[in-house]
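In what follows, chain A forms one complex with chain B and a second complex with chain C.
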Partner chain A sequence: MGLASGMESTKDNHNNVVITSDGIPLKKKLAKSLFQSRLRAFGLVAPLLLLILFAFVIPILIFLSRGVYNNTFERHMINLTPLISSWDSNSEPTEAMFEALVLDLKAGKKSKKIGKVATRVNRELSGTRSLFTSSARKAKKLKAPFKDSLIKANKKWDNLEVWRAMKLTSISVTPAFLASALDMKYNADGTFERKPEERRIHLQLFLRTLEISLIVVLAGLFLGYPIAYLLASLPVRTSNLLLILVLLPFWTSLLVRTTAWIAMLQGQGVLNDLSVVFGLATDEDRFSLIYNKTGTLISMTHILLPFMILPLYSVMKTIPPSYVRAAKSMGATNWTAFWRIYFPQTIPGIGAGGILVFILAISFYITPALIGGQDGTMISNFIDFHMRKTLNWSLAAAMGGVLLVLVLFLYWIYDRVVGIDNMKLG
Partner chain B sequence: MKIKVLILSAVSSIALAASAAADSITVVSWGGAYTKSQVEAYHKPWASSTGNAVVSEDYSGGLAEVRAQVEAGSVTWDVVDVELSDAIVGCDEGLLEEIDSSMLPAAPDGTPATEDFMDGALNECAVGNIVWSTLYAYDKTKFDTAPTTMADFFDLEKFPGKRGMRKVAKNMLEMALMGDGVPSSEVYDVMNTPEGIDRAFAKLDTIKDSVVWWEAGAQPPQLLADGEVSMTITWNGRIFNAIASEGQPFGLVWDGQIYDLDLFVIPKGSPNKDAAMDFVKFATATKPLADQASWIPYGPVRASSIPLIGTFHSDASLQMIDHMPTTAEALKNGVQNDYMFWADNGEELNERFNAWLAK
Partner chain C sequence: MLGPSGSGKTTCLMMLAGFETATYGEIRLGGKPINNIPPHKRGIGMVFQNYALFPHMTVGENLSFPLEVRGIEKAERKKKVTNALDMVQMSEFIGRRPAQLSGGQQQRIALARSLVFEPELVLMDEPLGALDKQLREHMQYEIKHIHEQLGVTVVYVTHDQSEALTMSDRVAVFDDGRIQQLATPADLYERPENAFVAQFIGENNRFKTEIIEVKNDKVLARTATGSILSARKVNCGEVGTTSTLSIRPERVSVGLKGENTTKAKVLELIYLGDHIRCRMSVEEDNEFIVKVPNSLNHTHLEVGEETTVSWSSEDCRALDNGD
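Entry: the complex of A and B
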């Protein structure tokens, strides 16, 4: 502060420059010391910045780029790629293309990369994997004219569909994975079409993920609001004790809480046993509370509840009780005092809790994986499926990209409707 | 390239996990009773004869971890027990070390290894160890008359109760077709037509609401024991062990079984390649393969091991040879998993299977 006012004083007297005791203009000296302090501040945060940059931002960007970039074919089929990219997709493939293909198959067999190419093309046109691997095994013995000998080795090479699939995969920068993440198919002629009904799955999963997240937010608000109010209005000693009860599960491992819910909800679990004892269900016909959407909703709501309660509590704590008393003294009913005076002041807490829970819920993964069954799984479980099981990392990246855009879009809407400044964590 | 390597290693936490010490190798398998059989028959004797230690890790199949490790250049698994289709795909993709099958030890009577192993058990990158089976088991206490055919598994009226099935398309589609009356010898012909696939999904539709889906091999015996299901698709060895060592009242139905091979592979770039190679050589010799069969009824892939198969390790009255997937009774209406079919169509069918599951 003192430095800043000093700067202003030099501005005022810019005609006669103020000199410090060692002969340097004050302005310069000031700038230097400001720069040094900024540098020091930057030096202090630099390790964290570098960590975030290299361990978080760059890997995510590189991984997301896999969703639109896959050069498997281009990298391993170096002879065929230039030829097939200038092919018109409809005429008969030429002898030169066949020759290039045989050359690449031979090289691929030797470098053992043909399997990667085969997997890549097989994703465009199912049933072609073994066409590549078996032809690569025979490629060494094939003789010119290559068109005839290759078709003789496997007549599928005569099928234009195979060549169109190769042309599609030879283009490294492709919207095909993004299209697939949205249940669309990208065709060789540059058009998009919806996938056949029995193979559509992702859109439905995105919608379900949104639905589950929204329900968890609403349920959390419904359950958490009264608790937060209670915590905020009780004397400090009691409320601190109760706060421990909120924080204890919050500090417990996510996995432990999820497994605890399995013990509670399963067919032979605590809740069902109690229901049988109290005659709510029969022993043969127990409630299905787990391995479905119900189970996912119950346990996710419980797990995320503290994230709703804590922001609400910290906002409510700052609301002077005298406002509500004042409203009542002027004749407001309990409801009016709450709805007109108290509730509007808690909106920043609702906003903070809501967006926190929503963003955590939309990417929830372990809980739905363990207790989601079929209709309780979310989009993140499918991203994981493509990461670990099918190894289709490009599709996983595309799905992750779509999810990221979706979250940013919702955040933008939230900002427009509620206003992000109107959010308080305490 | 360096950055890419850095990032890939960050992505795969497995790759960052502590790497084994130089004088020990990490052998990865499917866990449970199966891993136990391998520890007893392969790991312990090999460790005591060479002085090297073996670290045993579990996984649930697939090539993803191997791929992540190889691509990140940080391989921590030395030997992995994989299914035949994965051995072939992994070899094609260059993820696995080549294994020269001529260096494998000959049978005791001098038959060279290349003639002693059954078809498909040896390839460029893999050495087979067992034949195992996917079939269904049932809880004897739930039914008055025992189920005997694959069709019974899909018959909810005659045999009420929940069903356990593996959450993959592979083998579940074949079983649906066999349950719908397709003879085992024609299953893959039918599966190669679009109508056949529709038929398989239509059959699965009939029991969908009663299915509990499992993912790890240890789950089906547990589901049966907990009473969560009355019948479940399972792997024959696990159920046999639940019956033989825990005395569970389970029965096995061999009708419609699908048998497959498991093989040992070495991920490319394994830091203990020589020791790993030595382990594979040791484990797939005639005697260890036969020894392993006394811990779990998975059939050895070497012809010379068959006569050496003994009795169950804790019950001398159980002749293990009678419980193998390769007995005449088991093969009557059984089929070998068609790895080519699944290498070609697996991805598309799993996609459809998942879409079907999510409906």
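Entry: the complex of A and C
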């Protein structure tokens, strides 16, 4: 009986809708006011959100899409594209395909777009650029049967490799650039193979970029940890003064700091002159500190050091001295108290500083460009090279994409090992 | 150790623990000087104000840390940790992190951790300061009981006098970096040695007087209005010096004639259940407090009434000038 009446009363409670003073159910009213407050919050962030969306996120996505999408061939070779995509890439090209090719060459010559197509195909099979441009010039005079006359104009058209290269470029959505960014070659039959050894360059560059970034993180940690510790344990007045010294480089342009390092590190520079004065090196045999990896490492470590010190400092600041005191009162030596009690509590700061410096370092551009020389350049310099020199934007986009995936992957590993919510910036 | 904030209690405690250097004098533990022994070799347990439980370790790891650094074997460690947790009734929390515990629970763990390596001496720096009143009182008794059980010496810093009086065998009252009086709680209350202790421990009524006669352990003193009061000589100077006379509110009787009798006017009455707190104007002092016990035949008073107050010269103590 008691149970039944209890159930009845809960049922009653459900039916009994609470009404506000103006007759609207409380639930509805609450939802309305919550919606309004969310709308207000969204309104506050909307301008920045739109700016980031249109000036940052969307352009990046469009650019990255170039890494897997390139329609140069499809757009300018409208007649050949449908025929060649149904070709089995082993049989002899048909007369119809040759006719379509000649039509497209003529059109390409007229619209002056044939150069673009030639460059695109040339990336898949080098030496084909001139084949396209010269044949386009002659295309007007060619007569049926086009197969014979085209081969007569240039023997290379008889080569199946050329046709396979065209078939590859006719597919707009292609993994070819990604494969190329990873030193692989994408074949017409859909297989991948590694590029010949002398043409492998990107993987090595990715590895070097990772290596430099890791060394910079470790060096920054090694140099920054004691400084952060000092800052956190000094009285506030002194530590504020020293903190300004840490922040001072932020007020100087990155370019100025980099060129300052050139003056420091070069053959006739300050460091080498001092080494000669102190007898560490002879005048003829000076250290080569610049235009190599050493130079890149030294200057990048210096430039990124504040990004390591600040998170470490702000985390250390929150650790009360009573922890170490408690450990000592329990019999721990200075070292044990530091290693078992203090250090584990600074791990969030190490994580934050480490990941911050690593992500900045992996995409560092100006310093390696100015100081790096041959073996000190990084992946970003190569992306820039493809953007401005070879104009192979698709490859640049693919390399950028690979870099992004790499960073996200490392971020994921970091999350698994250290835990991202363990990261603290203060 | 009891005293107002800034009186040097914590500094003194830190010197005992070895975190502050004593610029002068010698600290001895069990007869041995420990001035030059680093903190980790002193073997003194400590409970900190904010507990200082290591946040990255579980309760069990926190407790076994002092044993680990002493190189005690694993089986032995486990036994001692379990014992210590049993003592504070926290055995089921061994796997928790400090952040998952309430303030009172953290307090117990900090206590257990300071005792687990069986130190000769345990220092406690206002360990109950962050707890609410009820829990604080409960923990006071608990610490007292553990203390009685183990027989370990505890130096306990607090600014709460009732806590000091409840828990201590001896209390050192600090002010201005000095121990003003070191005595049992009863002595501190009944026989304060100077004006600071008298006003810091419990309530008291004070008169500024001039000593006019000293006879054995009694003095006669003249108040600002010219009345002559007799008091017990404790810590006053010679004839002609100023002295603070101190009398506890519950030692004053109203309406009766006694050794020292003077006129009083009732200014305020506060009913407090077990007694009535009466503020009076006596010898131009408007803050003279009398506690009238709420007994069957207590004197009935009304605001504005003029009456007399009296007290025994035994209960009135002539102290230093109090400045």
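We take it that the second predicted complex is superposed on the first by the 402 of 426 C-alpha atoms of A that agree within 3 Å, B and C clash if a C-alpha of one lies under 4 Å from a C-alpha of the other, contacts with A are read in each partner's own complex, and residues count from 1 in each chain.
Basically, a residue touches a chain if its C-beta (ideal position, glycine included) is under 8 Å from a C-beta of that chain, and two chains touch if they have at least 3 such contacts.
These numbers come from a predicted model, not from an experiment.
Q: Specify the outcome, clash or fit, for chain B and chain C once both structures are aligned onto chain A.
A: fit
Q: Please work out whether A:I62 is in contact with chain B alone, chain C alone, both, or neither, and reply first, second, both or neither.
A: In the superposition, A:I62 touches chain B alone.
Q: So, does A:L255 touch the first partner chain B, the second partner chain C, both, or neither?
A: neither
Q: Of the two partner chains, chain B (first) and chain C (second), which one does A:L408 touch, if any: first, second, both, or neither?
A: After superposing on A, A:L408 lies clear of both chain B and chain C.
Q: After the superposition on A, what does A:P320 contact: first (chain B), second (chain C), both or neither?
A: After superposition on chain A, A:P320 lies in contact with chain C alone.
Q: A:Q345 contacts which: chain B (first), chain C (second), both, neither?
A: Touch partner of A:Q345: chain C, not chain B.
Q: Mind working out whether A:M330 is in touch with chain B, chain C, both or neither, as first, second, both or neither?
A: second
Q: Chain B and chain C, closest CA-CA distance after overlay, in Å?
A: Minimum over all C-alpha pairs of chain B and chain C: 46 Å.
Q: What part of chain B is in contact with chain A in the complex they form?
A: These residues of chain B touch chain A: 3-4, 6-7, 10-11, 62-65, 67, 88-94, 201, 212-213, 226-228, 340, 343-345, 347-348, 350-352, 354-358.
Q: If you look only at chain A, which of its residues touch chain B in the complex?
A: 54-55, 58-59, 62-63, 111-116, 118-119, 122-123, 126-130, 133, 198-201, 204-205, 266-268, 291, 373-375, 377, 382, 385, 387-392
Q: Would you tell me which residues of chain C are touching chain A in their complex?
A: Spelled out, the residues of chain C in touch with chain A are 17-19, 38-46, 48-50, 52, 54-56, 65-66, 69-70, 113-114, 117, 123.
Q: Could you please specify the touching residues of chain A with respect to chain C in the complex?
A: Against chain C, chain A makes touches at 320, 322-323, 325-334, 336-337, 340-341, 344-345.
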